[in-house]
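All chains are identified by letter, namely A, B, C and D, in their written order; residue positions are counted from 1 within each chain.
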């Protein structure tokens, strides 16, 4: 059985959302169909407001909403609440792949430096792939902000994250700044006996 | 860290979508933010077209798109392609909880009768819960279609599905029609040794 | 690092136990090493008693302990408590792959016939594979027990179980007895929407 | 259905093996029952040889087989191949909970110091629990080996491992040696976004 075209069209669109397959996409569409008109209108408004209201920080590329930052003392034009916060440590720059990684790091309330959202990671060093990342923007930021002393590459310890970190290290090395990576080791709840050799080796090297 | 209000609003909306939690909802929003304006407009159009273009079949409550059914011989007004298909067996009525269950059954191409979408299942027999189901519509359909000889309760063998099936059996019994349920037993790939007692008992009873 | 030979030897032995890998096998050995001498002796005695005390039923190949069956009225020589139980239905023969399948079926207390333990299943119909099964013994049992009216093939609905069931059906067909298989369908807690097509088709065919 | 007593007895014994439940234990017993007598004898011999042939190292409590260490230069009486190896670094002592943790660390070939097997971990600091660990033996070893400069607490970052590490730190502090723990952080393949706050905090603190 085929779905009616208007339903299939929306299933195709939702299937491209992260983590969504065609079955879940179909459930989304039927969920929308059961909604009242006002509820659907609310979704439509929220989506179209998104691009209108939310700006991208010109320094770190974090999305922010100008109106909601206004009250922060010193909020510059086009700067998010982190970049415009005078009490953040401007000598530390943490490079993350995505907005959600930034949120994860802010949640632990241990990091007081600034950020840079790279826009993803790459699995190969093909030019076309690398150009999707904000590498040029990163270089410019580092050149125009000599106060940055340490660059923390907070990329996932996955194959993609590692390849991207190696590439950035090579590109950023000439700038002569300290470059670090997040510590590797056993996660909370992990077991030595079942850890892979690389993780266990890192845990041993990184003992404190 | 808090998200900007326009982002948080949309996260809250997506978090109510089936199977979606706040983390996935946030990824949806960042996915939308990275889209081009034309792509976002396509989503907005597809969602607003949904309610405009898609009708609900007045017999089985299956969504359908009038234009796409037009060519089917005998397509009545307000009837989906299954209900308006003269070659389907009108003596069989299969009751399913949701649209996706109907799609799953159509996919196996073994059932040639008609359907009725109940609109969900209930965990309790509270009046408020039961009124969310299309029980009255079902009774009307059965009364106005005396040609129906067998009612197949194709509800999930879960606690909710069972409670709903028991309730429907009691309500529909006075109509004097044959009422059946999907066979229970071991699924493909299942193992006798790990089957629960009820499933194994059903498999034994239903041996053929 | 290599384990001492006496430890490695036992790890190799335990690694062949069903479901056990080398890591779990190592944990078994260290568990044994921490035991007191009397506890180890108890294990050694229990293992060596197993073959001494436990007999295999000459009819169904179920293991049983003669002393423990003694009290059952009519316990023949070499017969287990099920085969020697006069109140079991001797017209039904349920063929299972393994002892644990028999136990699973007995647990549900719904089956009152007799059993035959085939000794496994086959993935191919190679002669060498088939000869590991008790097919000849099964044919003899059926010929010498004309009171058997129905043969239930209670094999797993897996590829191996299916191949074995098809083979047995072919071999047993000339005997002219009724041959059935356990019903297939949705297991308790299963969901229509996620069922594979074969399972859903069986559930529809087997509706009751 | 009940198993014959000789089978049930062995199921009970195997059910106490680490990671084994009654169902797996039953499979072990049927596996033994299908074995030839010579194979069962081999298991019996291997188990009874275990305690005869394998000694426990008097320094680190690692099991070893005297005959197999003989060829190692300098193999003392009662010492395992690691403790009697003159090229291992005697200033480093790594404390592990179990033999399998020692094996996991040896496998990565990055650690060249010595070990001490504590014999487990504790979830509470109840006297009865702590007395199951080799705390006194550890204190004696440290006092009689002043060359040890660093004690590495290589315990799992689980609740039990943490409680044990905290206890050992308190007990060993008066000895004035450097005490370290394995580094915590993201494991290979881990993702920042899904890391718990403590792991992510450790990864940030331990950046290098």
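The criterion applied here is as follows: contacts are C-beta pairs under 8 Å (C-beta built on N, C-alpha and C of every residue); 3 or more make two chains touch, one makes a residue touch a chain.
If you're wondering where the values come from, they're calculated on a predicted model, not measured in any experiment.
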Q. Between copies chain C and chain D, are the contact residues mostly the same numbers or mostly different, with half as the line?
A. same
Q.
Let me spell it out: compute each chain's centre from its C-alpha atoms, then which one is farthest from chain C's centre?
A. A
Q: Compute the distance, rounded to whole Å, between the mean C-alpha positions of chain B and chain C.
A: 40
Q. How big is the gap, in whole Å, between where the Cα atoms of chain B centre and where those of chain D centre?
A. 54
Q) Between chain C and chain D, what is the gap in Å from one C-alpha centre to the other? A) 37
Q: Mark out which residues of chain A touch at least two other chains, giving numbers and ranges.
A: 23, 98, 100, 107, 193
Q. Which of the residues in chain D come into contact with chain C in the complex?
A. 1, 3-7, 9-10, 13, 17-19, 23-24, 26-33, 37, 40, 42-44, 46-51, 53-54, 63-65, 68, 82, 98-100, 102-103, 106-107
Q: Quick one: which bits of chain B touch chain C in the complex? Just the residue numbers, please.
A: 96, 98, 100-101, 104-105, 107-108, 110-111, 152, 154-158, 180-193, 195-208
